[in-house]
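Read through the structures below before going on.
Note that chain A is present in both complexes that follow, paired respectively with chain B and with chain C.
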Partner chain A sequence: MLLLGRACLLLALGLAILGAAASVYGARSGRPEWQAAGRRCVYALFAVLTVAMGVIELAFARSDFSFRLVASHSSTTTPAFYKLTAMWSSQEGSLLLWVWLLAGWSSLAVRAAGRRARALAPWAGAVLLALAAFFLGLINVLADPIQLLEPAAVEGNGLQPLLRHPAMVIHPPMLYSGYTLATVPLAFAIGALVTRRVDGAWIRVTRRFVLASWLCLTLGILLGARWSWSELGWGGYWAWDPVENAALLPWLTGTAALHSLVVQEKRGTLKAWNVTLALGTGVLAVVGTFLVRSGILESIHAFGASTLGLPFLIFIVALVLGSTALVLARRDVLRSSARLESLVSRETVFVLNNLVLVGLSLVVLWGTFFPLISEALTGRRASVGPPWFTRYTVPLAIAAVLLSGIGPLLAWRRATPRALGRTFRMPLAAAVVVAVVLLAAPVPDAPRALALFAVAAFALSAVAQEYWRGTRARRAATGLPWPAALGGLVARNRRRYGGYLVHAGIALLLVGVAASSAFQRVRDARLAPGASASVGGYDVRYVRPTAKVEPEKLSLGALLEVRREGRLIATLRPSRGYYPVADERRLGTLGRWFEGESTSEVGLLSDARRDVWAAVEPDLQPFRSMIDGIDLRFPLAGGRMEPLFLRALAERYELDAPPAAFRLIVSPLVAWVWVGGLVAFGGGVLAIWPARRRQRVPARARAAAAPAAAQGSA
Partner chain B sequence: MAGKQSRKLIALGAAVLLAGALAWSSFTASSEAVSPSGLLQAAQGGRAYELTGTVLPGYRRLGEVLHFRVRDRAGSATVPVRYRGAVPDPFRAGREVIVTVRRAGAAWVGDRDSLITKCPSKFSTESDRR
Partner chain C sequence: MEAALFIALFTAVVAWTTAPVWRRRSTGAIAADLSALEAERDARLAAVRDAELDLRTGKLSEPDHRALAAQLRAEAVEAMDRLEWAREERA
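Here is the complex of A and B:
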């Protein structure tokens, strides 16, 4: 099996190089048989990499510890579900997942382009295959996922406990899908520039890929944030960490591209801007992958001891220089003949929205790479923290939400003052009402949060109004009942109404972010059983300690009662799970349980108004003598004795727990971050869903049907 | 034509102004990243530094305060840190941490909630794998 896997990886590299060369030769010579050979290499690459993935997954499923990767990231006790997803917790496995997804999306793109953009397809295929060749070169030379471990390990290290969470199973494939899908527009933009066909053809092929990339990144970012909030013990969902920012950057430019591509489709403008955005988003996707692997920036996520930084850097520099040179060389064909007719038009708002989104991405890019910038300019490495990011991103986010509300209310080309008065009345009233109510209410002074609530009210009511107006018009035209009219409206205009839903979702998400950031209350307290602490108007009482011995971990925690004005509203059970390390000889039978990984299990009460969040850190110091004593008296007891000792320790903890450290948080409206994210994702799915093909009715049949319909309606 | 050029100039001026503000504020709001040996050599009182290094064994929590020492990644210099706030799950001896610190006498006090520990899942070195 190992040999088959190795052969597949080498064959894949050969296919990628051969396919790229065949595609370029076919495109330059105009010989279709070479173009077809390049296309077939893309399909073959996907098939061969699928076999390689299958070999590794089978090794994980069988706990075959002769595979170094399996021994390092799985064990016989790792739950079956996590065994199959443990592959991408490693550097090598995640790179293979990246290139496998790239090959899959490339196959789809090349197939789609064959029908709609035949001239561009070979060049785009060559770029995608060159990208795959780069990653396969890394995999084959520097990060081989199929290495023999000799002699095979008896037991594996197991999956890092922090990653044993359903969100972490889907999070990496979603992010990698987002990154790899973003390379498809980059490839077709290069194809369009090389062939000087920068009209609508490349946009028609790649528009769905831009949206699919956006969807995957949205879900990936959302799952990562949710995991952080519900699994990690620090009490947040976003920290402006370089690796988080790496996913946000292509998301922001991708969002901008989704809007500006529409302007080019409708009005024929922004050609140079769209090509630049597609190239930029693709490059940022590769930069995102690079950031995690290079160790170039301090991040909690970075693969520390990686040797992949330099090759990545050279590749990215080549990509940026090549793309820039190509855009400059084709500036004659990138000039748009059409101009914006009026400043009060939908396309103007789209342009402004693009400037805001690109501004946001520049801020995030600058802040993320600031350590390198400062080192280059001053010789000292310095970094900026969350307050610096929020200083710039919050006003820009407010502007983006405002524009997302204004856009749908304006007509293309030019809006008349009368139409403006009619469409803006309700959303403006909603924004003013929310602003007045919030200013009058006894809420803490947080002007930026209040401004965001007001513009979110504007955007939400604008979206609701558009749905209402459209449904009403359709009902008047068809006589259908309200639900059917709404369904028909959305089904016939999926892109438009899906997009509006995305606007609503993002507004809701940012309301959640603003409220949970500005009005969050945090209390760190050291409590003995029976003691209480207050946080954000809630009383939290440490009722009793809890302990549980499980096959893979020992959980020590607390039972907490949460009361509001004396009324019990929830019981929370935060705990900390201790996972053992294999080194019993050195660390002792019991000691090895406290030298391994430990993870927080957060106690969470979540509803539409607020989350009450609790994490606990038990104090094990008083038990140190018991642990050391057992380890001294019963060295290498293991086997059946170990559970007995663990249960004894657990019982002692339940009977006589010392005060434990608690972090208690009351965070208002945080649930709306997830709800808004899911609404935005749902809107994106609606927009990308293929429109139902209308049945072609022969003209003769239509003519015959017309009088009958007229009679029926009479 | 003149109108178009002046619009371009205004846009360019605004962009330069904003970029200048961004650059200036990032330099004034940043904290320098240093290793323990760098901190011992060049630290000034009152300034914030982003200390990076490895946690030494023997850290302990006294009440709400976590006491630990950070050592150079490749070296022997160490600095003591007193820290309050959230402690990441992966924190333990041998792990690489980043914490914002300020001088307080002979010790260093960590800014509340500024401690981050590198995610060990993605921190596999060759020696770990062996």
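Here is the complex of A and C:
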């Protein structure tokens, strides 16, 4: 199947290049048959890449170690579930996943545009195919996922231990979907600029793709954070790592775009801003991909040094220069005829929210690339850490949450002081009450966290009030019971009420972030079995050591009892998993288990109020002589003897474990990070869900009926 | 076997993607592009509905809504007129 896979990758490259050329020729000459051929190339590209993906997945499923990729990222003992997802743990395989997703979303976009923005479709298709051609060029020349290994390996290296986590199965496809979906608005923005059609048509096509990209990035970032919290063993969910930031950047500008596109749709303003945001978000998605693959910045999430950096850099520079030149060349059509009518209106808040979000992304961008900037300026590579990021991002995040509460309370176009008094009363009261209670309560001094709680209370009560008032109005108009009125209101105004739910989710998420960052208590302790340590009002007792031999790993850990005021509230089982490396000859039968990678399994008690988190690092030094002795006496014992030796070591550890190093953390409200993220995701799904098709009514009749229709919508 | 599979795939892909060019037949891209005008019409109609919802949720007072709704309806009618003229022109 290797030949078929290789040939498909070459055919895909040919399709992408020829399809882009056919689309441009069709668009320039106005010949629909060439435009149709270009469109078909997009669909065919997806089909051919699906075959290539199928070939690789089949090789993984069959543990076909004549494929170099399979031998280096899987093994016969890798669980079947992880075998099928091991492909994207490699540079080459993940690039193929990237371009496959790009081809899939491009097919959907080109199909949608054929109905709604026919003039832009060939140009957008050409841009998407050119992007695919770049990635397929990299795949075919520098990062080939379908290489022959001769002679075929008897056993593979296995999947990287850190990636054996359910979140890691979905996390990469989600992030890549977010990145690739973000290139669709970029392609249509370029199409709109080339054809000088920067009005509402390109927005109508791309709006859903912007939201879909946002949804995928949201879920991808959340899963990555959850993985970090429960798997990495350092005690956090966000480290301002370059690769984490790479996903956050297009998320921030995409969030800004979601708001500013609505302003252009409703008011016809912000044309230049919107194409710039669409182009910027698309470029940041490619930059994010570049950061993961180039190895230019150190990150635990990156694939390490590679030869992909330079071509990526040239491509990004060309993309930025080309986009900028196009925007400048079209500045005459980008001038908006409409103006903002009042400074107190929803669109003004949207503009302010855009400034805050773009400000946030500039801060993150600067901090992420600071090592390169400092190296270029001073010759010395320096980096900025989490305190630098939080110093600048926290005030902007507070402003963003405040604006997310103000926006829903204002009408479009203008708001009167009387209406403001009516709508702001309750949210303001909620914010004041929360602020007063927190200032009066014995809460540690953390002014920025307290400010965030107050503005989050404002935003949450604003959203609750909007739902309440809307439901009440619909109930009054229709006479329906409360639940049916609420359902009808949301069903008829999905974008609006889905958006409000996103605001509530983000407020909850940031409450969790603020509380867990400002009030977290950490204790590093070295404990012998039977000893205890206190952290954040909890007593943690190391009851006994634990050990378990599994087919792929040896787990050494601890049984911990967590007590509060003497009452047992949880039993935690943190452990460290040791995975063997293949080199038995050099490292010995037992030694090879401790020379490879090891992962942390966190012991976690999680509820709405706080997480109690524990990680353990067993001390293996006292067992060194036993390990070396067995390796010396039984070199290359392997086979049936190895499990016996491992069990003996495990039993010895359980009987006579030396003191182990523990990291114990009590972190308040962490669960709200996940709850808030899921609420925001749910709101996004609600907003993107297609509305039921209404019966086609002649336009005139609709205009006459507009007020009545609006009554129904309320 | 593999080579035969690929040749079949290659032939199918080339035949299907280039078919519109050989047949020189438009595959639906004949009509003039009215999407921008349709988008504008839909946006104006949505604005009328939004204003009504804003009134009912207390963000607009009755007099404010009356003035705004009149303006929005006029804009919606104008957008629909432009779309109808464009359609008549195309027909």
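Everything below uses one rule, namely that the second predicted complex is superposed on the first by the 694 of 714 C-alpha atoms of A that agree within 3 Å, B and C clash if a C-alpha of one lies under 4 Å from a C-alpha of the other, contacts with A are read in each partner's own complex, and residues count from 1 in each chain.
Here is the rule we use: a contact is a pair of C-beta atoms (placed from the backbone, for glycine too) under 8 Å apart; a residue touches a chain by one contact, two chains touch by 3 or more.
Everything numeric in this text was worked out from a predicted model, so none of it was measured.
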A:R391 touches, of chain B and chain C: first, second, both or neither? first
First, second, both or neither for A:G19, with chain B first and chain C second: second
First, second, both or neither for A:G322, with chain B first and chain C second: neither
Of chain B and chain C, the chain that contacts the larger number of chain A residues: C
Chain B versus chain C as contact partner of A:G537, first or second or both or neither: neither
First (chain B), second (chain C), both or neither touched by A:P79: neither
First, second, both or neither for A:A36, with chain B first and chain C second: second
Where chain A meets both chain C and chain B, residue numbers: none
List of chain A residues in touch with chain C within their complex: 1-4, 7-8, 11, 15, 18-19, 22, 32-37, 40-41, 44, 47-48, 51, 114, 116-119, 197, 199-201, 203-204, 265-266, 268, 409-416, 418-419, 422-423, 466, 469-470, 473, 477, 493, 496, 699-700, 702-703, 706-707, 709-711, 713-714
Sites on chain C touched by chain A in the complex: 2-3, 5-6, 9-10, 13, 16-21, 23-31, 33, 35-36, 38-43, 45-54, 56-61, 64, 68-69, 73, 76-77, 80, 83-84
Chain B-facing residues of chain A, complex: 68, 72, 89-91, 160, 162-163, 232-235, 239, 241, 292, 298-305, 359, 362-363, 366-367, 370-371, 374, 380-385, 387-388, 391-392, 524, 526, 595, 597-600, 617, 619, 621, 661, 663
Chain B residues touching chain A - in the complex, by the definition given at the top: 18, 22-23, 25-27, 29-33, 50, 52, 60-61, 63-64, 84-90, 92, 96, 98, 100, 113-114, 116-126, 128-129
